[in-house]
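Residue numbering begins at 1 within each chain, and the chains themselves are lettered A, B and C in the order written.
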């Protein structure tokens, strides 16, 4: 197509443009199919991206973060014996601050987790006690947003505990209640710690609501004789797309610290990743099918316009246009049509999503009990997320359709014989 | 070791009391009038621990679903060590529990194995009784965990008693919100203890009786524990034999002695 | 404009076979999309419910009335006296939708091997009946199922890992007995399973019913549950209804419960997926309408000379309209045939030999039900019909407006080229 890159191209472009305009009705119908298709794509992609980001977000916040640094055996054993020593923890925190805010790290939560027993006069249940830094943790796990009574580990209250509603119910706890935590300490002895219930939350996940107890990191370290250490450093990133880069960087920085492993959320929570991928897969299939339908419609109209203009092409060919020129003209028409309608579709899709759904698409009417998938409660309100890669993907789709759908009609146009065409009655 | 029913009532002073049964010191002669509440309770408390003891008890457990009695031999050394061996019924005979520090080990003769109890089961019932495993291992002194004041001093049913009100210290790892504790003035013998939660609901009661000097010291030979939320249920412990200051050493409370009694 | 309807339609389509083929292709892809996607969605729901109920719980359970939610060890069916277990299992299995039923006893205690001791839940099962009810019996990785009357265990891979044992190893099992004594005995690990459910793999041990009864000092007539398998989970609610009446006389104090009562969140999930099916069909055919409508519109437009001529020689607009509708109808038939050719091989293959998609995703749970990467699509019969209806509706809808307009063309103008 070298010819139409020089002065020729202008002529072909104008011709194509004129044709698109002249065939107004057809052009509009064709672009309508594309506008609706692309608009739908943009809409459902932003909703799906938003949904997945929420999903991952909820999962990593309650779990181990986008990226977590912990001792190599902690993931499988989850006992205090597999903790980060004070020096390992220091190295880990140094690496984290090295990557820092520029690396996309929003929050750094140092946690000391231990499995133990929570007892009250009302009974005793096995729990996971997490020693946390309340100010970081309230931004990180956002469990405090699930608060239904009291407050989240209030300042100055060393013995505060934050418990789930099911635990509170089964142990007969209320605000201010004494709760004795018993667990195996760093020396291997069983030791007890008194805390007082200062807040009660409901996450909707039964395992979390019966099993999780948050206390201050300081008191957990005292109780367990684990001064200066932690079982994990959980990192929350700006977006899940930064995970691999940050993890690689941290891995390099911690390469010579054998006691500290860097895990990404798909490694730490393979279940969640599986669910997201499955859902994504379903979306992609749906999009591809939609776009095939759109593409077929576009092929059809362009092809028809080519066949309708057999005589016209015959004339232009007789006037000196080559086969290539004719083909190029049709291609330009197709791409032009796709570009315009694709652009309108993208804008329309974004606009509709923004105007009607920026405050969320609420599914809660369909789900009374709360939706669990891969161990995460799915927020029934989905907020759209506009991501540049997705948007570029949509633009790519538009061009793929435009070019793909024009190839065959363009080829047909090149096959037109001048002599035959002149006989053709439109 | 009731595992799926880990909702039994745990609590600490029972153990002290139970193991302490063997080591109650004779306190005849009493105390001077100027003693504070804490000093008195600590005195009673210390009488319940200390040296070594060896005894034989009958334990009768009454629950909604079954009733059974066991005979067991208990030996203890200080507060850190205890060995409890079941003598009857035959089905459980030889089953032995070793408390060593904060750990509980069980020896099961039928399978000839020793099992260390996981910490998550500390709250469950010991041998189906109303004691928990936790009761067995906790050994803090009362005055370390509680602020104590005399809530009553005088005559109850013709006996001169003190009644103490025990409130846990701010950081004490105990679950009770309040304990009432009655002690006879004349001989410092405990009469009952009542355990309350935050709502001031009674959760359980322990009663002591049948004080007997036959073993050379004055001790309550009978102790009964009753959970308040399960009327009709109780665990009763009765000493049939008791000796103090027996020659026991730490070696008598090892995993080896757990498997094969001396 | 004569001949049977299909010939008229066929002839019209034949004027421009390529265009017709593309149009039919669009509709066919739409049809295939609707059927395959709803089939996949139903496969997922079926997998969720199938695994959620089939791995362990069964689709229907019978308990003593007071057993739930506390699950006290003492609340066996028929109280302290117990029941004739075989008779109850037989009565449950007699329901026409129940394909198998099996008794169960629940307990808890310790499993210990070497230095490792774990708290575990015990499920006493009848090794002869249980495999027909719960799929976990078929999830073995090593060893074999425990044998009736034998002191044998069937434990999860994670528990085996934590205890550092495998099939053939001896462990100690300790369980508080119903008489207050401490049941304990040596057991052999007969086999190790992997269900994919974390909790079950880590903390549940299956023991032959009679062995567990002996350990827990319970007579043979005492069980907590009779679990039933119902091939189509959606029949379970009706079976519950029937059994409620059937069991009331011979087994008073029993309470049958279908899965939708003990796992209501799965029902909601299924409802959510069902509403998604509507979204799919509407969206796909909206796309198809745009695709087909413009083709039909153009086809009609192209033929306006022809129509004008026909009108001019006295053909009524109704005849023209009918001819266009027939054309759309034949287009529908062709599209549906094409769609069926496109859809059914995929559907049949995906249903009978589901591909392993572990390259895409691993195990995960949905409302507590396991979804595995080998996912079978289910045939969605309503969606096959509804998709076909939507396909014809789309073709006709797209044809009616242009045909109507064609019928109203002023012939003289058109012929004059205006």
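Simple rule for what comes next: contacts are C-beta pairs under 8 Å (C-beta built on N, C-alpha and C of every residue); 3 or more make two chains touch, one makes a residue touch a chain.
Here the structure is a predicted model, which means the values were calculated and not measured.
Per-pair tallies of C-beta contacts place A-C first. Taking the mean of C-alpha positions as each chain's centre, the chain lying farthest from the centre of chain C is B.
Rounded to whole angstrom, the centroid-to-centroid distance between chain A and chain C, based on C-alpha atoms, equals 27 Å.
Centre-to-centre, using mean CA coordinates, chain B is 57 Å away from chain C. Within chain B, contacts with two or more other chains are made by residues 120-121.
Among the residues of chain A, those in touch with two or more other chains are 126. Among the residues of chain C, those in touch with two or more other chains are 119. Residues 115-117, 119-126, 159, 170, 172, 174, 176-184, 189-194 of chain A are the ones touching chain B in the complex.
For chain B in complex with chain A, the touching residues are 6-11, 101-103, 119-124, 132, 134, 137-138, 168, 170-177, 195-198, 203.
Only residues 25-26, 29-30, 32-33, 36-37, 40, 126, 270-275, 277-278, 281-282, 285-286, 289-290, 292-294, 296-297, 299-301, 303-304, 307-308, 363, 366-375 of chain A touch chain C when the two sit together in their complex. Those residues of chain B that touch chain C in the shared complex are 1-5, 61, 63-68, 89, 91-92, 95, 106, 108, 110-111, 113, 115-118, 120-121, 125, 127-128. Within the complex formed with chain A, the residues of chain C that make contact are 16, 18-19, 22-23, 25-26, 29-30, 32-33, 37, 40-41, 119, 264-265, 268-269, 271-272, 275, 280, 283-284, 286-288, 290-295, 297-298, 301-302, 357, 360-368, 371, 373.
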